[in-house]
Structures are given as structure tokens and as C-alpha cells.
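In the two complexes below, chain A is the common chain; its partner is chain B in one and chain C in the other.
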Partner chain A sequence: MRKVARLARLDPDDARVESLRAELSAVIGYVARVRAVDAAGVEPLVHVSDEPAHLAEDAPGPTLPEGSAAAMAPESFGPYVKVPKVLGDEGGGA
Partner chain B sequence: MERRGAHQIAADVASGSISAAAVIDEALSSARGIGRSLNAVLETFDDHAMERARALDAARERGETPGPLAGVPVLVKDNICTSVGRTTCASRMLEHYTSPFDATAVARLEAAGAIVIGKSNLDEFAMGGSGEHSAFGPTKNPWDLSRVPGGSSSGSAAAVAAGIVPMALGSDTGGSVRQPAAFCGVVGLKPTYGLVSRLGLVAFASSLDQIGPITRTVRDAALALRVIAGHDPGDATSSRRHHPDPLEGLDHRVHHLTVGVPRQARGEANRPEAASAFDDALRTFAGLGARIVDLDLPSLDAAIAAYYIVSSAEASSNLARFDGLRYGRRAASRPGESVESLVSRSRTEGLGPEVQRRIMLGTHVLSAGYADAYYANALRVRRLLKNEFDAAFASGCHVIATPTTPGAAFRIGAHDRDPLAMYLEDLYTVPANLAGLPAISLPCGVSTAQGSALPLGLQLIAPAFHDAELLRAARMFESASPHDVLRPPVVPAA
Partner chain C sequence: MPLPGIEDIKSVELIVGMEIHVELAARSKMFCRSPNPAHLAFDGAPPNSLVDPVVLGLPGALPVPNRAAVESAVKVGLALNCSIARRTKWDRKSYFYPDLPKGYQISQYDIPLCFDGSVDLPGLDDRGQPDPERPGRRIGIVRAHLEEDAGKLLHESPGGGALDGTLADFNRAGTPLLEVVTQPDFRSADEAVAFARMLRSICRFLGVSECVMQKGHIRFEPNINAALTLRDGRVVRTPIVEVKNLNSFKSLRGAIEFEAAEQPARWAHDRREMGRGTKTTRGWDDRLERTVAQREKEDADDYRYFPDPDLPAVVIDDAWLASIRDGLPELPAQRESRYVREYGLSKKEAAALLDEPGTCRFYESTIEELVPLGVAGARAGRLAANFVLQSGQRRANERGVGVETLGITPSALARIAALREEGRLSSQSADELFGFMCEPENLGMDAAALAAARGLLIVRDDAALERWCDEVIAANPKVAMDVTSGKVQAVGRLVGEVMKMAGAAADAKTVREALLRKLTPG
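Let's turn to the complex of A and B:
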């Protein structure tokens, strides 16, 4: 549970880990029935569309107004998103 | 004015027999009153909506032709972006988030003259089938306030059922439009995957998500679809295929209608009220001259398992963007804390228990050593299911019928300690998403088996891009059914 939580970037406390263990065990036990289906040789269906993918023309188009992306962030500095120190002694883990 | 349909409002506003301002004023007041007491409405856009209504009236007076949805008040599920107000996804993570743009479906509604009066409640990030998993509290069912309205488009369905608006937008990843429509006694349409642009719909499971309308009548569903459907270069999965106008010929019966019924639709999963309403619905179709044929779709038995693997896997990836850095809520940083720790704490504080459960499930089924056993096998089941649907349609079925849900709305809190039991309620709705097919839920009865009167839904599923024919079959049923316009007996006072 702790390993999956770390991969999911979640930090549940001990009590929550225990309740998640019980809830997810039941769900994983149920969904495991996909392993019992006789599907050998069946191509996985990732996406239902049968239309060819269209690449967008490589040309400039409209963009969000300057500063609107930074305005969505919890902390910003002018038109920039402010984040904690990533490189150096204390960061680098993300 | 309360129970007027969208097409009627638009006609009356266009003719000048009523002003858009009067329609919108009444809808806003109802949204603030009944809407808040059902906890169906998270925010109303009073100034914006009244301003648009007055502008529309002025334009009409100048002789301009109003659009097909002139003056129709609409509520939008709060996981669909609006440039007015907030788009919270009913999550603490996005409690204060404002979108810099309108979703394409919203922009198209407004271009057609509809007026967005506010945002409706939902299960957080559209994950849930009851309306209970909102960070802003559960929505209540207008038929019985102690029961869930269904989800995840809980507020949209409850608001339409309560007569606040004749039309609302929802999103449907595994039944989130159809199941609440069934529980609230209204019409819910999930269009073919790719028919309606997902631009501006906050992604839950991108290969399954589709925006759809909730209305009281099939005609209004067709009207909404006509406006919001069509290619959008802003969504790479948006179809370029020609699609017929769903309003044209809506009242023409489907010739030699053949209705397929999978054996599971009459199975032991159904509670008695759903089983009997479904039998009645099939009799209604038979009375219309339809041929009812039994179908064997064996992969339906694995559909819920495949759905919860695929949708959770996609959710774990899509929701990785909510890191507390670029959007939404950031935990108070601690001195010297790593970015990773800050991200984990922000997500743990900002995301609710059901969302965290799905992200954990999705992360697990995609993790090294499990991805082939779970994720790849789920996608193989998805292929088999789609092939079985294709074969059923190729054999002559126009639509496939099932109950929308295995029973009527359950009590708030009934599945609190058992998420799996809640997931199993989705057995009839998830297959259409896995296969990308259009599906609709229609009112097909009212049960009093549990004390209060509770509506039940009939689901019809059609081949991909046969949305117009699906609506015609639905219209046939509606016109022959006494349940076409249900009205909740209990609408709480404001």
C-alpha cells in the first residue's frame, strides 16, 4: 500500500492505509476476473475510434492570454508559476 | 412556466410571448431556492445570466433571429469549464479554480441562445454513482430527500427533475449521465464517443468520457445534441464523420424496430422493482410492433471489472496534473521540504477519499508486474465486448435494451463502507462507454416498493453514430409510455 501510495504521490496516514487496504483488496479481488476471460490472442482495445488520427497543422493558433496560466497556480510571480526549490540539496525528488 | 420544455421556451422567447429575462429570473430564483436545498447547485451566475437574457431580448426586439435555444436556462456540471464563475469538480483541490475559457459544448449552447445560469454538483471529479462524494456535500433526490439522486451528474439530474431548468449538461464515463437520470425520472443521453467535443471537460478517463444532456423529454435531448455535436479541432478525438440532425424525423418510427435484450438484463442482479419495470417496458415495445430478441453477450459479465481497471488507470494518469503546483490547492510548505513531499501532501489534503481510492487502484493496475494481468486483459475484454455489440447490431438489432440500473435510488449512506457494492450498481451502464456507443436512459416506471415513489429507467444502446436513430426509438417508447413526464411528489420548499 505504501509503495502504491508513493507512486501515486499520495501520503495517507496509518489508519487510512488500513482502510484502503481493506477496500482495495475487495475491489482488486473482484476485477481480477478479467484474468479468467479467455482472451488469448485478442488485441487490446485502447481506444474505440476507428478514424485516422489527424495531425494539427503546424501553424500558430490562438493561445491563452499571457498570465492566465500563472493565475491558475496557487502561487505565482508575475507571469511565472512559483514552485519550491527543485534542484540542490533539499529538492530533486519530484 | 416551471415545467416548460427547452423547445417550448425557445419558441416562446423567439415569438416574444415571454421575455428571456423573465425565464432566467425565475430559473435563478429556483436554483437559489430549491437548487440549494437539494444541494444540486453549487454556484449561480446571476449577473452574467441576467445580462445575457436582457441582451437576447434586446436583440430580438431589433429584429435579430434568436438561436434554437433562445433564453433556455441551463445548468452545467461543475467539471465542465466555464469562463464565468468557478470550475471546482466538487473537489477541495479546485475549490477556487477559475477556467480561462469555456468548454466547446458550453460555448455552442450559448451561441445557440442558451443561458448558463450556474454550475451543478457532482461526485468529485465525476467519480461516483450516487452524488454523495462531493467535497461540498451530497446532492439529494427530489423524489425522496433521504435517497441519492445518482451520480456522478447528481446536481444536473436533480435540478432537471425538480423543474429548475429544462436542460443541463452532464458527463458520462461509466453511466454518470444515465444513472442519475434514471434515479431522478428524467432523460439522460450519452452520445457516441467522439460526437461531442471534450475540450473543457476536466478529464477523468479520456477514452470513456463524453458530455451529454439531461432533459425531461427526448425532444429536448435531441435539441441539445443537435447544438453540441460536431467536430471540434480542439479535441483530437472529436469525430469528423457526418452525423444526421437528431431532430429531423424524430417522430418517425423506426421501421421494423428490433430490440435486443441481453440475458443479463433479466438476471438476478435486478431488484424486483427494476425487473418488473423492465418487463413492462419490453411489453410497451412489443405493443408498438417491435420485435424483441434475446442476445448472448458473454463479455458483459466482465464489463464492470474491465471498466474499473481501465477508468482508474486513466484517472491515475489524468489526475497526476493536480500536483498543487500548477493548479488548485497547495499544502502549506514546510521549511526544507522536497517538492515530492509537498506534492503528496497537497494531493492528500485536496483530493477526497473516493478519488484517492481510484487513483490508488489505477496506479496498482498499471504498476510493473501487474499491468499485463490487469490493464492489458481489461483492454482485451473491452475488444471482445465491442465485437459482441457489433455482432448483435449486425444481426439486425436497432437498439439493445437493459434496465439503466438494477434498482431504484438507494438511501444516502447505504454503500458508505463498501465501495465495491457501489461499483456493482454500474453493471448496465459501463458497457456503452467501453464500446464507445450512444446510450440513453428514459423514465419507464415508478416503484413504491420501498415506501416512497421512486422512478426507474430504461436504457437503450445503439450502434456508434446512430444517435439519431437511438433518439427515434426512445421517442417511440416515450410517446407510448405513460411515464414520459414524471414529476417528483416532493419538491422541498426553498
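Let's turn to the complex of A and C:
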């Protein structure tokens, strides 16, 4: 529970961890019932729709007015969104 | 003092695999129509100006894949001899970081767009230069998949100076990104750099990315370890080190060479071997020229991939794939061998012409323009190469631009080359005329007319030439005899004498021909 909470950047107290444990177990238990189905030879479902993705033409469209991103953020610095200090390296992705 | 334990190592084999990220230069972003800063038209846009609800992950915003980005990725995949997935999907890679507005990156997990490819690296000499005498190496391509780039974070205020927080600019967020993953097939830094150069060149010739290194359009992440053969016969493998975000060939080479030297020493010190959970991430310090440990983010690799419910599968049907395949231009490696085979250029000359796609296009246009002027085939290829690599490259280097932007057009250069071929321009005058034709006021001028106006054309006075030759032969009987008896190189002295008499009105090539005609039988 603690690990899942940290991945979601949540910091539940001990009591909440216990109640979340019960709630999450119930959810996972419910989903796990799908295992009862014999899925041998069934291809994994990529998407609920069989319809292939519509692809957009490569033409730039409208952007938000300048300053919007900063204006929407709880904190800003000029045109930038300001966040609490983080590590100097890149994120886990890209 | 040698490290204790290092004497246990008999030999070291370096093992490197690479992950390379290429920002695709589509006009709009990967999953929305915000302009893409990796396209030159939108480069340098003010912070947070290339954003829309999809980029910022605002509630209700839905992604739509960009057809051009998919097509660009397929082109690279085909160039790397990959199989192309006919039905591919998108997955969410979740992690919390302020450069990622949605809290996940849309990527491809188990069905990458391109997979199972390979490219052949040429053999390399000890300085890392291509050497056809040495065996090359086949590099396996595990996959090349599409994803979106993250935003940029600033840890200092834009003007410099300390800051009590971190600043986020989401212009780059959503830029189409192609991640190419190789097998751990490289055995030296030279090979890894050669591949990096090759991939960059392929992407630029395909026109899918500008690949400007300084702008981070192409970024390298080598995974490095070593197989150590010990004196007791055992072979141990050092833990893998991944060096993140290198954006120059110099730092790529530096990071690999540093790790190649460091890992055996590290092993001698701590005896740690490759195994589950031993991989570490390091950065490259350009100033210290060494890799530095990066603080590991706990659970950083727990990305909880799952199919993105917002995005249906992308289907690449036969017709689309065939049209992409048919539209592929000739790739740099093929061009290089064609230049060598058809035009008789050296590999070095061919590589120099292929360094910049713009210069290469200029070169090929010049050859085409030479054909109606009566110069074709190998001769045209050689002549154009000489001008582009000498008169052109010298001026281009002086101005820090490409030959194609000097101002001279391929048709003007073809005209100069043809005049030279006809023996109507000395090599020095041809170079001078090249310079004139680069000047804006001469744009569109006829090169021959300009040459005539500037007194650069060789005056064809065959009678005078005959007379000069006869006089010089008479004055140098011994040298003339040498030439006649087969020492053809001795003719150079006679050519020099005739040139002294003729001044600018003759060219050495014509004089040499006239002298040899007179002195050699047949």
C-alpha cells in the first residue's frame, strides 16, 4: 500500500492505509473474477473499439493564448509554471 | 599504484547498446495540433506558447495521433531494415514529474511500430575512420517506437541566478519522439559513435528530423558494461551503467571511453557483477570529462504501463506501407557507394559530400546541370565534386555555412565546370569565377559572359601556343629527349617554361597536351 501510495504521490496516514487496503483489495478482487473466463486462444484486447485510430493531418492548429499556462498554475514565474524544487536530472521518461 | 585486484583481469571486452531519441520535425505535435518546436518554423518560441489542452493534459482533452509523425517513424524503421507492425498500439507510461503534465507519457510498450531491424557498420581503423579493409559489424535494432517528449525544466531563473523552485516550459511536451533501441552489439566507442552518426545522417536525408545536436533533437543513451576475462579463466560481467541524455558525439564517445576504463577498476574495487537490480544511471560531466552518479529515483522503473484507453490501434495497411516505401529517398550509405562506384570518388570525398544533405543536393543538381552542357557520367561527378569540395567547401567553411547557401546556383557552377572542362578556364580563374558567382549582384548572370568581361577566359591562340612550345623544346633538348624516351613526368619542366611565356592566356593542361603531342610518338 505504501509503495502504491508513493507512486501516486499520496501520503495516507496509518488508518487510511488500512481502509485503502480493504477498498483496493475489493476492487482487485472484483476485477480478478475475469480470470475465471477461459481466454485461451483469444488475442489480447488493444482497445474496446475495433475501429482503427483516426490520424490527424500534420497542420498546426490553435494554441492557448500566451500566458494561459502560467495563469492556470497555482504558482508562476513570468511565462513559466513554477513548481517546488525537483532533482536536477530529467524525469523517468523520454 | 595499480589497484589491488586489477591484476586478476586478463582482458576486457566492452559491451554497449544504445537508446537514441530523435525529435521528429513534423509541423504539429504527436497527439495534437500545437506547433512542434522541433520544426524549424517554431524553434525558439516563447516559453509555454506552443501549448493547448492536450499538451497540458486538461480534463476532457483527447489525443489524436499525427499521421506525418507515424509516417516519419516508419521511414526510419524501413531505413533500419525493421519489420513494421501492421497494427500498433499506444500505452501509458506513468510517472510523476513536473515536466509531464498528464502524469503519464504516451509511448509504445509491447507492440512497437518498428522492430527487428539491423544495419551494417563499416569496418573502422584505429582512429575510428571507415576502413574497407577491416571487417564491419552488423548492429541489431531491437525496436523503434513512437512516443511524446516531455517538457523542459529550468532549475535557475532564466537570466541566471538562484531560484527557490523549478520552472516548467511545456513547449517541448508532446513533440513527436522516436526511440531507437539497439542490441548490445557495439564493442567500442568508435562503433557507437559511427552508428550515432549514421542514424543522424539517415534521419536528415529522410527529412524526418533536423537533428541539431545543440537543440537536443537527437539524444544518446549508451548502456555500457564489460566482460572481464580473469587470469583464472572465469569471465565476469560488470554491472550495466546507463548514461543519460548525451547530445553530442564528443560526450557519447567520452562517456563510453570513460566507463570502459572505469568499470574494470570498479570491479576490482567492489567485485560487483551484473545481475538483477545492479544497473545504475549516470550523467556526463562535460567539464570534468567523466560520468557522475545520478541520484536514483526510487521505483523509477515502476511505470505501470497499460494500454491508453483514449487511443485506438493504428493500422498500417499495405497501400500506405507501399507508398511510404516507394517514397524513400536514396539513403546516405547507398549514395556513398554510388559516388565511389560511378564517379570514382574516394570514400573520404563521398563522405564529405554526404555530410550535409543540402550540400549533397547541390552537388547532385550540379551534375544534372552539366549533362546538357555536354559533360556527363563519371566526368561530371568528378568535376562537380572537385568544385564543391574545393572552391565551395573552402568558402563555406570561412563563412560557417553550407555550400548550397553561398549564393552560387548549381547551374552557374555547372557552367564554370564546363568552361574548365573545355579548357577555357585555368583552375585559378575557375575558382575566381566561382567566387564572383557567389556575389548577390551576379545572381542570374551567365558565367561565361562574366568570365569574358573579367578577362578570365583563356585566349585560344593555337599558332602562338605552337610557337611557344617549339621554342621551349628547342631551348631544352635534353628534357625533350627524356620525354620522348618515356619519362613523361619530365614534361612538367617544359610546361612551366611555356607558361612563363604565355602568362594568363594559356592553361597548363592544354600546354601539357600540346607538348606531349609533339614529343611522344603516336
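We adopt the following convention: the second predicted complex is superposed on the first by the 86 of 94 C-alpha atoms of A that agree within 3 Å, B and C clash if a C-alpha of one lies under 4 Å from a C-alpha of the other, contacts with A are read in each partner's own complex, and residues count from 1 in each chain.
In this section, contacts are C-beta pairs under 8 Å (C-beta built on N, C-alpha and C of every residue); 3 or more make two chains touch, one makes a residue touch a chain.
Please read these numbers as outputs of a predicted model, since none were measured by experiment.
Shared-chain residue A:Leu7: touches chain B and chain C both. When the shared chain is aligned, chain C comes close enough to touch A:Tyr80, but chain B does not.
Of the two partner chains placed by superposition, only chain B is touched by A:Ala39; chain C is not.
Once the two complexes are laid over each other on the shared chain, residue contacts for A:Thr63 go to chain C alone; chain B is not touched.
In the superposed model, A:Ala53 lies in contact with both chain B and chain C. Overlaid on A, the two complexes show chain B and chain C touching the same residues of chain A, namely 6-9, 46-49, 51, 53-54, 56, 64, 68-69, 72, 75, 81, 83-86, 90-94. Residues 97-98, 100-101, 193-194, 207, 233, 236-237, 239-241, 299, 301-302, 304-306, 308-309, 316, 320, 323-330, 333, 336-345, 347-348, 351, 356-357, 359-365, 367, 373-374, 376-384, 386, 418-420, 423, 435-436, 464 of chain B are the ones touching chain A in the complex.
For chain A in complex with chain B, the touching residues are 1, 4-12, 20, 23-24, 26-28, 30-35, 37, 39, 42-49, 51, 53-54, 56, 64-65, 68-69, 71-75, 81, 83-86, 90-94. Taken in their complex, chain C has these residues touching chain A: 21, 26-28, 32-36, 42, 46-53, 56, 64-70, 87, 89, 93-100, 105, 107, 111, 147, 149-150, 153-155, 157-158, 163-170, 177, 244-245, 283, 294-295, 297-304, 307, 309, 311-315. Those residues of chain A that touch chain C in the shared complex are 3, 6-9, 46-49, 51-64, 66-70, 72, 75, 77-94.
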